[in-house]
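You will see chain A twice below: alongside chain B first, and alongside chain C after that.
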Partner chain A sequence: MIDIVNSLPNLKAYGTPIYFIYLLLAITPLVISLYFGKRLVKYEVLVNIVFIYLMFDARNWPQLIALIAFLAWQTILVLIYFKYRQRANSSQIFYLWTFLLLLPIIIVKVTPAVSGQNSIIGFLGVSYLTFRAVGTLIEIRDGAIHEFNTGHFIRFMAFMPAITSGPIDRFRRFEKDYQKVPDRQEYLGMVAKAINYLFLGFLYKFVFSYFLGSRLLPQLEAKAMFYSPHFTWYLVGVMYVYGLYLFFDFAGYSLFAVAISYLMGVKTPMNFNKPFISKNIKEFWNRWHMTLSFWFRDYIFMRFVFTATRHKWIKNRNTLSSLAYLLNMFVMGCWHGLTWYYILYGLMHGLGLIINDWWLRLKKKHLKWLPHNKFTEFIAIVITFNFVMLSFLLFSGFLNRFWFGGKF
Partner chain B sequence: MKKNYRLWPIFGPIIIAVLLLIGLFMLPLNFKVSSKTLKEAAVSLDTATFKNQFLKKQALETKKTNYVPFFGSSELERMDRFHPSVMAAKYHNYRPFLLGKKGAQSLPQVLAMETILPQLKNRKVVFIVSPQWFVKRGITPPAFKYYNGDLADFTWLQHADPHSAYDRYFARRLVRLLGPNDRVGQMAAQIAAGHKLTSANYQWISFQRKFLIHEDQLFSRFRPNENYEKRIVPKINQLPKHYNYQKLQTLARGDAQRQTTNNNFGILNNFYSTRVKPNKTLLKGAEKNFSYLKSPEYSDFELVLQQLAKQHTQVLFMIQPVNSKWADYTGLNMQMYYQTVRKIKYQLHQQGFNNIADYSHQGSTPYFMEDTIHIGWAGWVKFDKRVAAFVAQKNEKPVYHLQKKFLQQNWQQLEPTQQNLKAFSRE
Partner chain C sequence: MDDIKNKVIEILADVTSTDEETVRSWDGQDLFQNGFLDSMGTVELLVQIQDELDINVPVSEFDRSQWNTLDKICDQIRKL
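This part shows the complex of A and B:
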């Protein structure tokens, strides 16, 4: 028995092929019971707990404690707010509560920027859980959530397939899925998709991402670093290879998370939809890390635009949306981490969105003669792709080492 | 329109794929590779080839070519035109099969032999010892893990005997180097404690071995690299048509002279400018306190000897010199170095390993070495002559007499003065 326990730990989510064997074996009873139209709720809770526990191996137990404490904090806050919202709706309270929900992640993000060390209250997945909690809070304020069951909320927050890195689901959507059991045909359709996603994920993560990230990238980085801080074409190689690696790694992971959710009878939303065929940067954000970008769109961009319009802060609609883009992307940059390259990455995309809007307006008004055909679409895709790749080079933090020896 | 889903179209392809995969790994395959692939494998210095079995085994079994295993470390990478692989291709009727790269010390060699024990039986092999292996703590865990492969580990575990002092010693080393949480480390801990493995362990091992052997057969063939085409073949024709030792020596010295022009140490220009020059001031006097006298490596080396003795393998040992000008600069204590060599040779002679090419005093011979601690040019020519003579010798069954005391702490820690060695002989 001790042998088994010793050989199990450190099952980083979806990290190795063997993880899938354990995971699929563990959820087989769930799949069979869903096929026969039943949810094994208690067994599912058990699987959730065991696999979350295994994600944090013995050395990472402080992370596990942090996760539990964090879940308790968020759940209690949301519960209190739900009770409060039945009676009143003050903006101050709402903002205070939002701040309290964000407090852990603010500490987690600010600590390394100030002290250079990771905060002890951090754990893998803290930001994704924060997104889920804040989203729920906003929907409660909007009066969109009428029932609140604490157990269900925790189940939504700590849904194992997506706990560490999303996709970011919404409480209402998740609950709707969970309240009913899909009929056999629908469920088989989900299983078929899940298997397709799993194998596509294997190709992305264990073939493409491995080759790009573990084989090619280190070599190119070493060659580029050899001439640092002077430009060589190796740096361009680093840019493309890192960008593609990032996509295949994250999209592969997301496919796994969605596939496992489907097998568990929950239609977790997709995260990627062929992002590199985007014809402009706005379309890109509708295809790249979709659950994150939609979260930002709904809860930051839109909220800011509504509030600003209601209070008549800015008259000009174009100025307003530009400002909203910049704010939206700046916050996203900060969320990735308080380093110059993440923040610049955010601002770069904010600026990209502004220029994109400006160009579309210009084209509509003054460049009517400009043709629209396969060729111009192709040009647009090439420009967007290269812009995105350049922004990912910034995002990678490689330039920090390349120019400053990793000092900042 | 609603699609009609059924179980078989969803799971059928997976089931078939899994069955095919299991079939592929479980079938008693026995693929052979071409003699060209073997030729490439022999000089590829590839780590997977070193760790696994397939290519080594086939090379040593082939009737077409007489492959002589060369166990060694970083010196094998010094492929100038007098390297034994080039010389053999031009003049001799055997081919070296190079095993080992930088940092491959005794224990990796023991495991590299583990997968080809039957092939080593009564065979002639060359073993190059570097005194630099014998550092205070012996091989480091990362270096060991780099050369450690499951197939060799499991092959050893399958026959490891908890009653044998050698196997228990090796098991202790494995636990130490792999850590107690490692799967192999856990089983080794059983052996080290004198317990037999459970039958579940043995079943697991034999299942794993089957899988690994097939993996090896399927994929190792793709491992050989361009070394043979790029670093050996072009040099074969740069050698004179007929073997003449004196002429080769002169040529070697000429090459060396032309390629050691940017420094006073007699070090290859390229090595000097990339590896030495950037840290030159740091290296001055840096080896003053180096000592190779006391090290667990001595007992690790004993495992090599035990394995060779068990297979009645005929061995030519070579002891590498250090570049004496370089040693002067780094402050390496030559007295200590010679004592180390004495200790190694004592361990060899005591147990009947008497075929030793001791080059420890060649460190100041001009152009004998290619860089700081690696033989090259004139050194290779001399060594090649010795190896060719050894291979040409009539086969005879060697007589070794192993002594378990070389596994003990007090041997590892013995200061090899004449007196101490004499006392140790009586133990």
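This part shows the complex of A and C:
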């Protein structure tokens, strides 16, 4: 039995070209039936299960069990809350339930910070699944979700193309897509887009990301480390190369996830929209890892501001928005991991957003004479790009090795 | 122009710290894409709709693509 398990290929999502061959073969029946206006629901469940299973190899079976237990935990909690919300709406229950949903990810994030070892319940995709569950819980509380089907919820949570690293979809949006089958014209448009995204993804991930991340970056890092902790221009090289690698790697992955979703007749939202042409940091967050930043915007920033305004905690709107930016980005930093560089990365972006707003206000009030043209826009793009690259250097954790020999 | 639209223009002028004339000039344009309204302004808009028109808009019901012009905001308010 173990031999059979060991002989199964370990298919890390979108990791190798062979993965795409298996995946595309497996979803071909879905594509054909969607072309004829039908969803093969049962077959799709089977494909989902098989590919999720193959993401874990034999040695990783505790992770697979962790994933199943986690899914069950989240689903049961959301289901109980939905039933509860039909007759009552207490804030305490809502906060308790949010905490219970967050409990697994808190354990996953806190364990390495405390014991230096990864938590046993950690698995790929735990944080992305948590976002989906918490988002659904909040919308149930708002009374925006009127129907709750457990099977549909699991399908949404464990939607294979996006299970490991997003994009983070929303239950209501996903369900709306799923309830109807796109007509032939629309579906052909989706297939055309999917093919486009797949090839763009190949270029990003297997050409640019590979060259930057696996060829260039190790060399530059080694050279920078040779002089560590003293500054050399190699460090600047590490900064730009890592930043670009991060973009191509993640944007490439996201394009694959969106492409496969489209082929399966689901319009999973895009994650990136030319982030490096942003003219300020606020625009950057509307273009970079969009499903994550919109999640934070809608479920943390807006709700915090809403509650604070309602209870009149802070009168001054500029103080309130600054505080909300800091909170929002601090939580995002912690979510990446409880290390000094992730948290500082979050705070740096929070501060960036505050300065950005302050500058926009100053310009509107006192600097009306300042010209606005292609040249000033170009300057703004350059400043934003370099700020972002600096923040990614922090994010990479390289400075932890560079300054402290990786001690922290 | 109807009452709701006038009210929305009044609120928008307040939350974006401009005047009603400026807000009127935005008619038909995308409020978010043009940077007239941001998340902060959006929340203030929702709070004021609640206070002044006594209409409760849950944040979940706020979908940017449905609230991005003056007329769409008015339509959404009429629906609730």
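The working rule: the second predicted complex is superposed on the first by the 400 of 408 C-alpha atoms of A that agree within 3 Å, B and C clash if a C-alpha of one lies under 4 Å from a C-alpha of the other, contacts with A are read in each partner's own complex, and residues count from 1 in each chain.
Going forward, a contact is a pair of C-beta atoms (placed from the backbone, for glycine too) under 8 Å apart; a residue touches a chain by one contact, two chains touch by 3 or more.
Fair warning: this is a prediction, and the values are worked out from it, not measured in the lab.
Visitor: Thinking of the overlay built on chain A, is A:373 touched by chain B (first), by chain C (second), by both, or by neither?
Guide: Neither partner.
Visitor: Contact-wise, after the overlay, does A:192 reach chain B, chain C, both or neither (first, second, both, neither)?
Guide: The answer is first: A:192 touches chain B but not chain C.
Visitor: Spot which of chain B and chain C makes contact with more residues of chain A, would you?
Guide: Residues of chain A touched, chain B against chain C: more for C.
Visitor: For A:301, is the partner it touches chain B (first), chain C (second), both, or none of the two (neither)?
Guide: In the superposition, A:301 contacts chain C only.
Visitor: Should A:179 be classified as contacting the first partner (chain B), the second (chain C), both, or neither?
Guide: neither
Visitor: Mind listing the chain C positions that touch chain A in their complex?
Guide: Residues 38-40, 42-44, 46-47, 58-62.
Visitor: In their complex, what parts of chain B are in touch with chain A?
Guide: It is residues 2-7, 9-11, 14, 181, 183, 186 of chain B that touch chain A.
Visitor: Spell out the residues on chain A that touch chain C in their complex, using ranges where they run on.
Guide: That would be residues 138-139, 142-144, 282, 297-298, 301-303, 305-306, 309-310, 317, 320-321, 324 of chain A.
Visitor: Any idea which chain A residues touch chain B in the complex?
Guide: Listed in rising order, the residues of chain A that touch chain B are 3, 6-7, 185, 188-189, 191-192, 195.
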